[in-house]
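The letters A, B, C, D, E and F name the chains in turn, as written, and every chain counts its residues from 1.
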């Protein structure tokens, strides 16, 4: 809402140069082999995203692109931002988003204790309504970090 | 969350050609002269946005740009999409966003009854927790449509 | 969303007979004299509601009516339901709604400890994001129960 | 919360006369035959609503009735209001509500592009947390508009 | 957020003495035998909680403990607070939480009409977005109160 | 909701030993002298918290204590967790919470770019409804990092 932005070319800016693709310690395939919850999530996402891509909706593609750029290496490490995505997902209570960001953080080398501490922030900020999601998140963590 | 989009150039697509800037029946200045609530909102927004623009944050600019593109003339008229923005803002309960989209819909020629019907959808979907925002929205409508 | 209800006359039902207006221990005027926060809230609400009533919107009036009926004496005492409205308002984080239901519960004779226990449920369910609203609610309780 | 409405008969008002039942291009049965997702949703809803109706709760029936009235033909076409219901459902992230309003908009003749533009408003207002719901909505659109 | 609390020992206070474990009319086992929905919920919860407990996370345990203390007998009866938990769960739209508190209220002797009135508060405060959850809640009530 | 925790003494656990109070680069007083927004927030919080403390509510004190413990130095640095608190606060849209965590992150040495990147995660996850809060957050950042 309520922006003044226009469609003209975006000028160069100071934070842009720092952003770059993170280096993953594990592929999505390796994660899927380790965790059944991850495997089912990744398969469903791939299938549904194929359908979204087929629709070729301009704004959806722009949003996906923007979303992708948000979690690149920057001033903050990609791993930290994926953990922040986990916090946001848990306190907004979206299981798919929780699984996604927990997998991403795992792929970027976050130890289990960092995932738990991130979930603690979400639990305290978001309250007991977060608990059912926390329980399911711990089930995933158990599979990922066995 | 959970996209597969990458940073490569976005290919042409079918919906893009239809989008264009809407034609406003009233300027923001005219709205500010008619409504004190609108005037205060627009002044504060201008002041704070100047500060945001000064920061020149790449992702914020991209988001503002995407946000701007969402409400252009498309398959649905810009006016309808501003009213949809009003519905979303009211059921997510953000006064600033409500004021912004109500002003935009007014500038695009929406009669008061259309604003009220849109707010009714938000009220029924969102429940009585929307009522304090509805009351403030009606105060703005009273000033705009006097 | 997604109902099958139609506009035909609603048949009699088992819960209807039990509902009746509650008896208040205090008038809104008495509350306004005791608490400055309550006074300002009630004045603003009265002014804004006059504006909403002038608009004479059919669905808004129906919703207000339904809302009114929800808190009548029923199987549960009106006081209990106002405290439930307080819980809902606090965990959905609406200051106006919190003030309204805290005033109603006070008018129906709820002691301060019942208001605090209700707010505790909202705090634990809703998390630390509720705390700023809790602080403002305690300011009101201080004025009401001095 | 916080209304002054009472239970007395509601006087006539200006917007009431305009409301009337919309004319659907497709029956729910036809939709269920076209889309498996729709069929499962409609069957579950029918089964659960039968149970709710059996309970014969006065306020639930009043709410269902009010809900029904919100989406009738009015100043805004029923189709537009169903699309608004879709926007509200998507940004509040309720899959059942998304499916319901997408089906309703389809039954009222909304082309797929209008559904996508409505979802875009929800995506931009509501953020990436909406994406999992968007993906599932596109799966339904694919079945409905094949 | 934003507290000034520190880790020193908490001094005695006036509300603490009143809190004590409630007396349940039914065990979880009895509830699971009566309702298939309850049974599946309780089994899944037990399995997932075992996993959470194994992780032995300090803050999660503290939060679970605090959560437990919130619903003890106090100034308000435990039953009333479980019904408040139901209201909060329904207007925040968490099916697991709704099932949990409805079961707890049932175990503490709440008749079905009290559960329905509590859900009505949530429906009116939270709006039609609550309806899918209400439908599922009524399915549970049907099984519990047959 | 739905825990099995009891009131017995909590056994020792592996994450507890690592938690300790963070070392702040700036006092709250120094922050208040630098930023008028911070000063007003801190004054109001102090005044309202005094009132909450006077009430001496057992559960509120326990919750404040738990909240305090969540942001101590642990596996993740306190600064990172305050930035996570900022993300959670921004996507749940609580201005007071945003101001609090932005101040805390500042006091722990977070440069402005880290605050902006954290807010970007909240913006993308939470959508344009976050923008009014982002604007106000940038106003605070401008004062803190001048």
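Just a few scattered comments:
The rule is simple: a residue touches a chain if its C-beta (ideal position, glycine included) is under 8 Å from a C-beta of that chain, and two chains touch if they have at least 3 such contacts.
A quick note: this is a predicted structure, and the numbers were derived from the prediction, not measured.
The chains touching chain B as well as chain E are A, C, D, F. Its C-alpha atoms fitted onto chain F, chain E is found rotated by 180°, rounded in steps of 5. More C-beta pairs touch across one of D-F and B-F than the other; that pair is B-F. Among the remaining chains, A is positioned farthest from chain C, on the basis of C-alpha centroids. By the residue-number overlap criterion, the interface of chain C with chain F counts as different, with under half of its numbers used by both chains.
Averaged Cα coordinates give chain B a centre that lies 22 Å from the centre of chain D. In whole angstrom, the spacing between the mean C-alpha positions of chain D and chain E is 30. Taking the mean of the C-alpha atoms as each chain's centre, chain A and chain C sit 39 Å apart.
Residue positions 1-3, 15, 45, 49, 57, 59, 63-64, 66-67, 70, 85, 88-89, 91-92, 94, 96-97, 116, 120, 123-126, 128-129, 131-132 of chain E are each in touch with at least two other chains.
Contact topology of the protein chains: fully connected, every pair of chains touching. Those residues of chain D that touch chain A in the shared complex are 93, 116, 120, 123-125, 128-129, 131-132, 134-136, 138-139, 141-142.
Residues of chain F that touch chain C in their complex: 1, 45, 48-49, 51-52, 54-55, 57, 59-60, 63-64, 67, 88-89, 92, 94, 96-97. Remark: chain B residues 1-3, 15, 66-67, 70-71, 74-76, 80-81, 83-85, 87-89, 91-92, 97, 111, 113-114, 116-118, 120-122, 124-126, 128-129, 131-132 touch chain D in the complex.
By the touch criterion given at the top, residues 91, 123-130 of chain C touch chain A in their complex. Contact residues on chain D toward chain C in their complex (touch as defined above): 1-7, 10-11, 13-16, 19, 45-46, 49, 56-59, 61-70, 85, 89, 94, 96-97, 100-101.
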